[in-house]
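One structure below.
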Amino acid sequence: ANNDMPTALDKEQIFGMAEKEMEYRVELFNKLTHTCFAKCVEKRYKESELNMGENSCIDRCVSKYWQVTNLIGQLLGSGRPPM
Amino acid sequence: ANNDMPTALDKEQIFGMAEKEMEYRVELFNKLTHTCFAKCVEKRYKESELNMGENSCIDRCVSKYWQVTNLIGQLLGSGRPPM
Amino acid sequence: ANNDMPTALDKEQIFGMAEKEMEYRVELFNKLTHTCFAKCVEKRYKESELNMGENSCIDRCVSKYWQVTNLIGQLLGSGRPPM
Amino acid sequence: MDKSMLGDLGSLPPEDQARMSKMIDQLQIRDSLRMYNALVERCFSDCVESFRRKTLDEQEETCVRRCAEKFLKHSLRVGLRFAELNQGAATPD
Amino acid sequence: MDKSMLGDLGSLPPEDQARMSKMIDQLQIRDSLRMYNALVERCFSDCVESFRRKTLDEQEETCVRRCAEKFLKHSLRVGLRFAELNQGAATPD
Amino acid sequence: MDKSMLGDLGSLPPEDQARMSKMIDQLQIRDSLRMYNALVERCFSDCVESFRRKTLDEQEETCVRRCAEKFLKHSLRVGLRFAELNQGAATPD
């Protein structure tokens, strides 16, 4: 669908947008990581391994965070998936 | 007073400073927005409208935040308004 | 040891890395400052001077923060000191 | 945030206006993506407490929707008040 | 974070690929330094409470080590899950 | 933060020194504006609790002043200690 887009916008803008998009992904990943660590990992740090409960909490946390990202993306009416 | 400033500094520096200044304004606005949301908006989210109490709290919060920005700007001796 | 490094990497990359490195130092300093302020300075703000207890807490806080930075740097296996 | 808050470009020569305008566009794109990230983080943190299932339940979804809508209304209101204060404080150039 | 998460470069002309690749490298360096800073801040905040001495005691040091190791394992796991979701959501270009 | 903390430029050729110096200046401007924003946020959050009036009362104003002064003194002290540790850790180039 967007085969000939590059002729329409100039290249600097395309690279600028790609850069912002990647910064956004990195930030999404970092916020998700820190939020799920705070929600799932026991702060006493009695051991250096993640236990089973923490691991399954992390998986569900990532999944729910992803859903919230999509849900809010729809509300903002971007019309495209957040990634 | 500063009519002929552009000749003194080179253009790159002017654009660089304008960019920093704008980043600063965006960050001020974002911090203000997040701080006043945390101070004024009820976290239970029982409805999607802001109620009267929240609205007037927001207005006062913005006003006070602005005053704190000015007050600290004076203390820092910038000699210019923060915006 | 690294006398002739500048010929190997191109200059843009060196400046790019120097910039990231400096951003990292600034961020380290800022995080340290905010963390130690939160840990050591009394939030009642009864006076505008730091008292003796606060001052010695700050010195120890900086020292310990520094050690944590080094400790985690070793764990990450960077092989170089964090600064 | 509203473009007008970022400065008055009227007094610049055209080529500088164009450059400044591009810079503002870039800042706005970055800012809106950051806002999106911050909104997701806030509403997730406020609304999702349980991790016994991997999908949002109805209550969580409702909470997230309201949180996001409230935040957007809030943000709009702050923008208006902020612009008023800005105008009051602005000095003629 | 894994480079592949940042996008598919295969469809670009070579010189653009090179430029994009450099940009990604720069972002990754910045990101890993930020991660390092954030990890230090978190483990320091969680593990160091007392300021009666200027050196870490053994208990604090153990806590910091475990905190950092746990965080790294956590981060790895999040990366895997995130990549799966990303792939599921990806549309063919 | 002090410029000297950001690195030793003595060993570079003059044109690179100039470029590096400009880069440091840019970082310092950005950093001081961020510090200003962070200081406002912190002192506002710590000192302003009531929103029944739209202007600061005397007590809030005093609190903000002291908070800002304390933070600046704190920041100065941290800078000194940080520089000492930095020097101790510095390896000759």
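In this document, chain identifiers A, B, C, D, E and F correspond to the written order of the chains, with residue numbering beginning at 1 in each.
We adopt the following convention: contacts are C-beta pairs under 8 Å (C-beta built on N, C-alpha and C of every residue); 3 or more make two chains touch, one makes a residue touch a chain.
Note that the coordinates shown come from a computational prediction; the quantities given were computed from them, not determined experimentally.
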Work out the mean Cα position per chain and let me know which chain is farthest from subunit F. A
Of all other chains, the one whose Cα centre sits farthest from subunit C: D
For subunit B and subunit E, let me know how many angstrom lie between their CA-based centres, rounded off. 31
Compute the distance, rounded to whole Å, between the mean C-alpha positions of subunit D and subunit E. 26
Find the geometric centre of each of subunit B and subunit D from their Cα atoms only, then give the gap between the two centres in Å, rounded to an integer. 13
Where subunit B touches two or more other chains, by residue: 21, 23, 40, 59, 63
Out of subunit D, which residues touch more than one other chain, so two or more? 34, 38, 47, 65, 69
Name the ring's chains in order, please, starting from subunit A and stepping to subunit E first. A, E, C, F, B, D
Could you please specify the touching residues of subunit B with respect to subunit D in the complex? 11, 15, 18-19, 21-23, 25-26, 29-30, 32-34, 36-37, 40-41, 43, 45-50, 54-55, 58-59, 62-63, 66, 81, 83
Per the touch rule above, subunit B residues touching subunit F in the complex are 16-17, 20-21, 23-24, 27-28, 31, 35, 39-40, 56-57, 59-61, 63-65, 67-69, 71-73, 75-76, 82
Footprint of subunit C on subunit E - complex, ascending: 26, 29-30, 33-34, 36-41, 43-45, 47-48, 51-56, 60-61, 64-65, 68-69
Touching residues on subunit E, where the partner in the complex is subunit A: 1, 5-7, 16, 19-20, 23-24, 27, 31, 34-35, 38, 42, 46-47, 63, 65-67, 69-71, 73-75, 77-79, 81-82, 85-86, 89-91
